[in-house]
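Given below, in the form of structure tokens, are the structures.
Below, subunit A partners subunit B and then partners subunit C, in two separate complexes.
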Partner chain A sequence: MVDSYRPKDLKDALRIRGEYGSTPLAGGTDLMVRYQSWAGTLPLFTNSVMFVGHLHELKYIKKIENSLEVGGTATLSMVADHPDTPRVLRDAVLSIAAPALRNNATLTGNICNASPAGDSVCALYALDALIRLEKNGSSRELPVVEFITGPGRTLLGKDELVTAITIPLKNSSIDNFTKVGTRRANALSKLSFTGIADYKNGRIDSIALTFGAVGPTVVRSVELEKKLLGLSRAELKAGKESILSDYSTVIVPIDDQRSTAVYRKKVALNLLDKFINEVADYE
Partner chain B sequence: MGSNIALKEDDIKGVKMAAKISIPVLRIDAREKAGGWTHYIADYEFDNLQHGRFLRSERARAKIIEIRKPDFPEGYYYIDASDIPPGGKNNIQMIKDDWRVFADGDVRYIGETIALILGPEKQIVLDLLNQIEVVYEDLVPSFTFQDALSCKGGAIHGTDNIFAEFLLNIGDVDNAFPGAVRVVEGVYETGFQEHLYMETQGIVATWEDEKITLYASSQCPFYIRKSVAGTLGVPLGDIRVKQAATGGAFGGKEHFPDVIATPLAVAVNKIKKPVAMIFDRIEDISFTCKRHPGRISIKTGLDRDNNIVAMEIDTLVNGGAYESSTPIVLQRAIIHGLGVYRIPNARIHGRAVATNTFPSDAYRGFGAPQGLFAIEMHMSHIADEIGMPVSQFKRKHFIKTGDITITNAKMHDDVKLPGMLAKIEEMSDYSEKVKKYEDDPLRGIGLSFVNHGGGFTGNGEQAVIKGVVKMKRLEDGKAGLYVSVVEMGQGLQTALRKIASKELELDYLDIVYDNPDTDIVPDSGPTCASRSTMVVGFLVQECAKKLKIKWDEGVGAEAEHVYTHPEEFVWEQETLQGDAYPSYGWGVNVVEVELDPFTYEVKTTGVWAVWDVGVTIDETIMQGQSSGGVIQALGYASIEKCELKNGAFMQRTMADYTIPTSLDFPEVHTVFIDNPYKYGPSGAKGAGELVFDAAPPAYAEAVQNAIGKRIYEIPVTPEMIMEALR
Partner chain C sequence: MKEIKFVLNGKEVSVKADPLKRLLDVLREDKKMTGVKEGCGEGECGACAVLKDGVLVNSCMIPLGAAEGSEIITPEGIRDTEKGKCIIDAFGTAGAVQCGFCTPGMMMATDALLTQNKKPSVDEIREALSGNLCRCTGYDLIVKGVQIASERGKDLW
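For the complex of A and B:
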């Protein structure tokens, strides 16, 4: 049996984290599944556990200037319900599990689980979300794309906690989040796609294209996106085949119990194709 | 239509079952179940309860060289074949007894029980289990039909891996084929399907009143009694089985509970303490029986006028490592092999093979869905080949009353398929939509016809089951009903009460009918084969008539009724010739779909069903059966993928083995037509499995019409559609 802690506030939580490196557990919707054992026995945690879901200081979501700040223990339901939540993130969050689970699960948890199939993560990559990490006495902020380093792996220090996720709010004209799940609700992703784009003076001014569950992490290539900046609608349309061919080199899925590599790749490229058409046809 | 009738208890109190038994009443178990008050087996409490966990094989086929065990603390036990008492047998008495209680010397599939570890503290049981090391010597496993037929690694069963082989024949196929001007062939495949019953498998075995008593989530309490008595080598009466409340079980709790009950009973016989075995869901999905995968090859000859002159079918089902009910499943698959069609010359060769996969067993439909999927898709493919509308081609071959069936008997039923087709046309606008979607690359519509024989195949009800029911007049004007068939979500506790109360002219709430206890109720047979309402319900009706006559004898008056086979139905079991079933349920389904061209996901936009189940005992209950059966079948046809990797199921969680949610399929528009059967209660026929049979081919045909490519296999996954469109 492992030790467990219930800090009285954030300061206490940071102290415990610093002292014992306990695993933070907010909603528990991933961790309790990951460490499940025979019903009626204790879960198989090997590290001490610190409950953080009750920390009210972190249970908030608010707009601050041109950003949406999601507190470290804000639930997926809170994210879905907030009027300023970008549409792709709202769609992504609402595609996760069922309402009862979303009432408990946190956005932080979905990020720290670091699954390439994490639905909110696919949207957060496209939204350039920043992860705020705090430890006793200091804090730092990392782009989510840097924070997540591999399947189940992040740069979260042993003594750090995620205290907020900051999402820059841009008025993007064109956006799309699509999840292809194993069924229509309460499903895990076979793959997911997020596209966000905007024009300025008839030329692409910003674009973000991300793909979930087709590689060890969510896939986003800033390099390939750069090639699209400045293109006109006609140029985008004319260059579509070469864009698709570029992306086919960075989308490298695998076969597993939910789908096949061939299907994942083909559908990811289909969704990209469809999104490029939407962008090119945007009036 | 009774689907939207909301009933309050006040509305139905005192309502006598009038002539029209179909008028819905409040289900007797609805309130308790909806309120969460029903106690299922995992909710039971016992003093001094021990918890058991199986040591299971991790290899598909291997010799056991050695089992290294830690020291067991006081009160913890390792139970294996050596604990079976003298006079007992290390075999489970199912239909066959080849399945072993404990693997001994070798293992034949992943998950096979090697031993039972038990004790008072679950964590200690788990720790002990984790410390046990089984040393194997691997043998060459066999998983596929091809592996089985070539006896890869040597035969698992007998000398040829064939559990059962049957040949059915009508007319003269060999002489008819040369007369054909066109021959169409196809190979049709269906996959494993997991039951995902409401609650996982669970049994508590206890030592009560000097007797082994088992509390079981189960469809067939008397099957458990028989298997446990056989294993321990004691008289049947020495074992008592009490059925716990059981949710929708779908065949998954017909035989598999025996696999848990027998080792538990061996343990209780030794330690004389109660032992519980409640599966976790992942354990349940990984290590319980599935529907038999099927591979069915069909070859059909047509004459100049597009009449079928001959048909030859080769049917294979994968039985897994032990036989269990596999031969009977195969019988049903081939007897339903011609579907609802009159074929003058036909031959069906059926074989059930042994492999090193988890033994396959009963699942709603019991072989019929595999056979019916194949024939329906094949008929559709022929229609496509000759350029005739599917409905026209199928209709042209509908079997009629008096026609000869594949078992060389006359079809006794009043076959109402043409009227049912007209009804579903009217409901779904089928033919118009077929035309409309012809050039639509994304939309399609499919149509299927099925029948399903009610009750045990052939003379099984008479020769094997010999069902008995009892009734008794109780205090306060109530009547007791004693039967062994169980409520498992299908509404039987309500249906049988209605049947009995109608004859006795009582309120249905005045019929007392508890979950069966083998020490109290007679053996009216198992809850399966669409027999509970049709066969047992008829016994209840006849028994109630007898009690009615004796009613004035006062409290304690009793009546009993035993199954007698109607003389007009003749059957020869050795050759499978004669009346395979006394009556059939009939069905027509239409499914309409729309394809997402980017993701290849299929959205089902309409589902219609017309059923002939004789007479519905309760319109609302039957609407529930129709919706549940059709949606479960649509899951089988679309998203319920269950694959093997080196002999283990790859989809082991409810996240990976997905069944439909209410968002996956729309409402099932259902109509029942009236066609009373004279040996059914108030005219009712079997229905529980029929409602599963029709949707898979209708769905596959709808997708086929949308994508313009023939479909030969279910589940039709988006991955498959993508490959087909490449």
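For the complex of A and C:
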């Protein structure tokens, strides 16, 4: 049996986090499964728990200039329902579980769970999202790509809480999120893909390509994306085979209970192939 | 152990329990609300669905401490209301109940859907029920049941 705390506001939560290093529990949809025990018995938490889901100060989503700011306890349903949510993120969020779970689970939780198969994470990597971490007296903001360091591992300090996720809003003309799972609802990803691209004067001006569940974290290669910047439609089409071969070196999945390395790699490259065609044929 | 208050089916209640005890267990054991079922215990089957502050959630994933001060509605809380009777009758007409284990969760999901959307399409019904598993696999009849509830209950939601 472990202690649990219910802070009255964010300030109180930061104090408790600093003092006891308690595990923050917002929706609980990952934590309650991870520490699940027999029916009728208490979950087997190993660290003290701090309930944060009720903190209304963090339960918001708002557009601020050219960014969408998602509060630390905003639920996945709130993200899916907001009119300014980028389409790839909405599609990713709606591919997670089912309504009852999305009503409770938070975007912060999906990031902090740091699973390479986290569907929102695949989209957030492509959207250049930032995460804000606060502790008593200071705060810092870093890219979600840097925040997640490995399966289940993040840079969240023992005294820090996630207070917001900021998503820059760039009207990209071509975007796609695809999840491959066993069934539509309630399935974890075998793999996922996000592609976002835009042209300026007939040449690729921005492109982001991310792959979920094919490595220890979601995969995004800024170096390979740089090679695509400035290409015309014809050049992109002509260079497709070499792009696919470049990406086959960074997509290094494993076999596990949900899929095999061979299947994951093949399908990830097929989705990339399809997206490149979509970009090359745009307009 | 802590004394935790919340509103259960319209009445303020107080439970003395560990705040990490699952709401599901509090409802079934402390409050004898056995309409809430445990299926998978990991948020995938919807048998334990309740309304928390008006939205559909899985009570197996909510520690009691996270429900403090909130309004919880279980199948017992809608069973005898006009809406509840409408859903029960509609499910009966459609033959939507086989073993019945998933039915309370299906009813909660139906009520949550019709509250948001009085005239849902078949696709919208399937999406709204996508977190509720029926091991008897009688899905088509359950979807039909929701359609009948939506038609008969158009003045209720």
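Everything that follows uses one rule, which is that the second predicted complex is superposed on the first by the 283 of 283 C-alpha atoms of A that agree within 3 Å, B and C clash if a C-alpha of one lies under 4 Å from a C-alpha of the other, contacts with A are read in each partner's own complex, and residues count from 1 in each chain.
In this text, a contact is a pair of C-beta atoms (placed from the backbone, for glycine too) under 8 Å apart; a residue touches a chain by one contact, two chains touch by 3 or more.
Small disclaimer: the values here were computed from a predicted structure and weren't measured.
In the superposed pair of complexes, A:Ala39 makes contact with subunit B and with subunit C alike. Contacts of A:Leu188 after superposition on the shared chain: subunit B is touched, whereas subunit C is not. Contacts of A:Thr149 after superposition on the shared chain: neither subunit B nor subunit C is touched. In the overlay built on the shared chain, the residue A:Ser242 is in contact with neither subunit B nor subunit C. Using the contact criterion defined above for the overlaid structures, shared-chain residue A:Asn47 touches neither subunit B nor subunit C, since it reaches no partner. Judged by the touch definition given at the top, the superposed model places A:Val2 against subunit C, while subunit B stays out of reach.
By the touch criterion defined above, A:Ser259 reaches subunit B but does not reach subunit C.
Taken together, the two complexes place residues 39-40, 42, 184-186 of subunit A in contact with subunit B and also with subunit C.
By the touch criterion stated above, subunit B contacts subunit A in their complex at residues 51, 53, 122-123, 126, 278, 280, 597-601, 639, 643, 650-652, 655-656, 658, 660-661, 663-664, 718-719, 722-723. Residues 18-22, 25, 29, 38, 41-44, 46, 49, 52, 55-58, 60-63, 65-66, 68-70, 109, 112, 127-128, 130-133 of subunit C are the ones that touch subunit A when the two sit in their complex.
Remark: subunit A residues 1-2, 4, 6, 25, 27-29, 32-33, 36, 39-40, 42-43, 45, 49, 51, 53-54, 77, 97-101, 103-104, 184-186 touch subunit C in the complex. Within the complex, the subunit A residues that touch subunit B are 37-42, 178, 180, 182-188, 190, 257-260, 262-263, 266-267, 270-271, 273-274.
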